[in-house]
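For reference, the structures are reproduced in the following blocks.
The same subunit A turns up in both complexes below, where it pairs with subunit B and then with subunit C.
Coming up: the complex of A and B.
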């Protein structure tokens, strides 16, 4: 009975594999049925779909992924991955809430949206879809070495990324120690909707007398570039039959246009009077500036991970990451997973804690007396003081030796903090929490 | 920067010298060979997580490359 069931699952898996393979590549075309079945046995598929939804109908995302691996032998493989994602919803534009209604131009410069008094300014036209493809070849080099080489490309309507990477590993102590060197190069280009904003220029306010001048002064061409180089040095060590550890040091250097083209900063009136702490009005309308970040960033990260199977078969997976960069951001991340083995089933609770300090140029708002002297500024909460928590549960069911169905539900919370403003601004909620729910369903076969 | 290189050099040399006594024989790899015992047990899930955290926080990478790939940050 069990054998028949397994056979049936294996047949179903094969049918699914065939479907995915024929949809994705033409490798199998022309092969006789028997060789096709044999060829399919060399492939592993991992498919999943994620739904990400923020509370208060903010950003929601849907991301299906297909990951296919062709095994040539136990150490030689080709991995292909295809992912799509679509994003919709409303995203904070960086401006502070105010005691007055605020009207902002759409990024394109055409059309506008109005935020009521006391509400978070959110650009509700946030909509994007992205397609990404990557391929990685990995193989041994003699007995003591291994390498991998890969490339990827990703495309959105306003952002493209093209990258190449490689790793070289050296095995020592009967393969109990592995030293790895990795290098990744990425060339990205952006072409934001409505042109490329000039950092610190005035954002055009619809209906104002200076709208068209501000719009043309705030744009400089339509596209720019960003380059990223990542280097990773890693040591993986087998401790005993049930324990292994990894330690990585990584360096990531970005340069080019690093601003978020859709983020602005509010200028707040600090002149004594009735408008103290309100939006600063210049030439008859509120003054907002486009954000400006430095044109380079160097990040360092130290990463440690330990994994151990306990005597009862459960697995504990703990990792810690410390990151610091020349923007003044420091962060700590702790990630703990406990896989509770229940035979064919397992439950894996997960807890992730993350905390970061603000970038040197992060300011929730700027004042009317200091905005002209700024070199750089961003009010993007993702560069501010931020704590996040993720609590997740994964449940998996092993259908056969090689196939598994799983689902994961996670709750994610972001809590920002910082300077609470002055005057009228003190009454506004400058650091609202964000919560999100993530649901993933996956099938590996 | 110098501090990091120095620290990494010390840690890696400690790891390397200390580690020659650690480890298992080739025939003792039954547990470590399991899929769920790999450092990244589910690369697809790890990729989805990286994408979310990359677009929501100021840190990325560490485990692997922290590069670009999307305009979400």
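Coming up: the complex of A and C.
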């Protein structure tokens, strides 16, 4: 009997609470709820520094980032981001290694660097500093809509980028579904050191009899530009209280000067004889061509992400991205993160797998018999068949409710593959693996 | 810190001009309304004094508007018009309709003890600390004019209508102040949101109050209220971190006759004081109207007040009978 009575009281209490909670709601209809903005911080900061080091001490980078968000209310905010990076080291110039030492002109045309026989030709003058700034404003538009608008600016000595972006979101089903439309416009300009190389023209070789002619023939003006338009359509769906799913389709169209002005392609001798598979010699020196890519690129990408918080508080985050474009590049990315919640600490291992098929015009080298008939070519490994693996660990320590110290260490391995050459070239390592380590230390408050 | 008092350019025929000061890191605006000392605490930097004046202007006008509209001591207002047209269906505005709906919820939750028509009992009861009890017959005579179920209201198309039987009186005093607190707070927040200014603000109308949340520095608001548990005038310091706070009851209003203490909380069904009602109850609820309603409903439960309060799950302070 006691149980029944108790139960009845509990039911009455619930009914009373419900009635009391609703009392007064209609009376104050239309006014902002008072508890809003109660515990909202005005500013959120995320400051971090990334150190990137490639194996063989090739490229190293240092990038401090400051990310600040000004919250005006729970849905209105201004995000500002400032980043600087300094890159130093050497980067592959695209030429194949050879059984002979190879001498290349620096991009400026002044000075040279020599790569020993059997070594990867790396442009060791690679040093750059970049500053980037972006600002994004996001706010609600009535109850069912939201928008964001932003702009960014980045600058390094030979490349400037200026962009504007905006998104419009529509909430459906009590905000459980969000439809998003996004647009990004970017105008970039390039002014490479030593002028703008003409695609497929002969790269000047220091000390050769044709050096000055080649240098002047290979340059066309000092700057060019490219435009990028990105359109994103997305759906975010709250599946239940602990599960979120997102699906995006994006279309990206670039046009203009899309070559990498510092990349060249080796021409390999395919005439029978002693130099079969060696560098093709023309007018007394090795022949290298500046790369040439199409002047437009249309990329499509499909992206799916699922996030779920488990009963013990851990978070699983899985995403997959499929990209394909009219250059013939297809890529798949799978990213899995698992966040172990250990009270004040958390550990988040990450595994990322990426595989890409080569662009139609990618060739590790070209041959002496077909180089004159080329329309486009690039030996940039980033356009070749490529697999990368990233294994990362993030560790965070919550100092208080809203401040956190974190560090992230990632190991990155890249493996390329493709045509292994012929003749003497067969002895060369055309597709060296690259490994890199990235360390980030950050403080969020 | 010097106290630099500024007068706000707001004029009222019977209230003094509101005053503005900046101290302890926020603005304080003091003004008079509904027979109470009122204040707004607005947490904005000192150089936002223009915005503060603008917000104070909005809030004070709103409080004065509600006072003007429903005060029983004024002429030619909504209150007097409603009573002039008793006995017939009359059109009422939307705000009045919403207040009636709210009163109806209170009446239903309290099983008829919360009754906006019980104000006429003040004609025979005056709780001045003396020993004068009214004649039982006089009380009984008034009961004919009391009873929420005797009036009727409805919506007809877009219009709202009220039928108030002749001789009956609606007393908005029990909910008007709390309603004004929430309205003033809400209007200031809406204005700040439209302006993009993050705002922490507290509205205190004679001890009934509400705030928008913690102060900008993360601290709670510290508010001095008159101690409900003392017959002397003394102050208690309360911290408020969000929502409303209201007090019902008054420990100084009672009658004492033959050793029996008669509280000023009257049962509308009998016309006599509720027995063993706590002297006063203070409740913290999400809004000031909810705080006020729950405090009043609890008082009407008499010696079961605390059980009722416990069942609500809200924070409360009670001064026992």
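Odds and ends about this structure:
By our rule, the second predicted complex is superposed on the first by the 404 of 445 C-alpha atoms of A that agree within 3 Å, B and C clash if a C-alpha of one lies under 4 Å from a C-alpha of the other, contacts with A are read in each partner's own complex, and residues count from 1 in each chain.
Operating definition for what follows: contacts are C-beta pairs under 8 Å (C-beta built on N, C-alpha and C of every residue); 3 or more make two chains touch, one makes a residue touch a chain.
Source: prediction; values computed, not measured.
Of the two partner chains placed by the overlay, only subunit B lies in contact with A:233; subunit C stays clear of it. When the two complexes are overlaid on their common chain A, residue A:72 makes contact with subunit C while staying clear of subunit B. By the touch criterion defined above, A:334 lies against neither subunit B nor subunit C after alignment on the C-alpha atoms of chain A. Ranking subunit B and subunit C by residues of subunit A touched puts B first. When the two structures are aligned on the shared chain, A:310 is found in touch with neither subunit B nor subunit C. Within the superposed three-chain model, A:439 lies out of touch with both subunit B and subunit C [touch as defined at top]. Touch criterion not met for A:342: it reaches neither subunit B nor subunit C. In the complex of the two chains, the subunit B residues touching subunit A come out as 1, 4, 8, 11-12, 15-16, 19-20, 22-26, 28-32, 36-37, 39, 41-45, 47-48, 51-53, 56-73. The touching residues of subunit A, when paired with subunit C in their complex, are 9, 12-13, 16-17, 19-24, 26-29, 31-32, 34-40, 42, 71-73, 76. For subunit A in complex with subunit B, the residues that touch the partner chain are 46-48, 50, 52, 63, 65, 67, 81, 83, 85, 87, 128, 130, 132, 152, 154, 156, 158-159, 161, 163, 165, 172-177, 182, 184, 186, 188, 190, 226, 228, 230, 232-233, 235-242, 244, 246-250, 252, 254, 260, 299-303, 305, 307, 309, 315, 317, 319, 321, 323, 327, 329, 331, 333, 339, 346, 354, 356, 359, 382-383, 386, 388, 394, 408, 412, 414, 438, 440, 442, 444. On the side of subunit C, the complex with subunit A involves touching residues 98-99, 101-102, 105-106, 108-109, 179, 182-183, 185-187, 189-190, 193, 196-200, 210-214, 216, 241-244, 285-287, 289-290, 293-294, 311-313.
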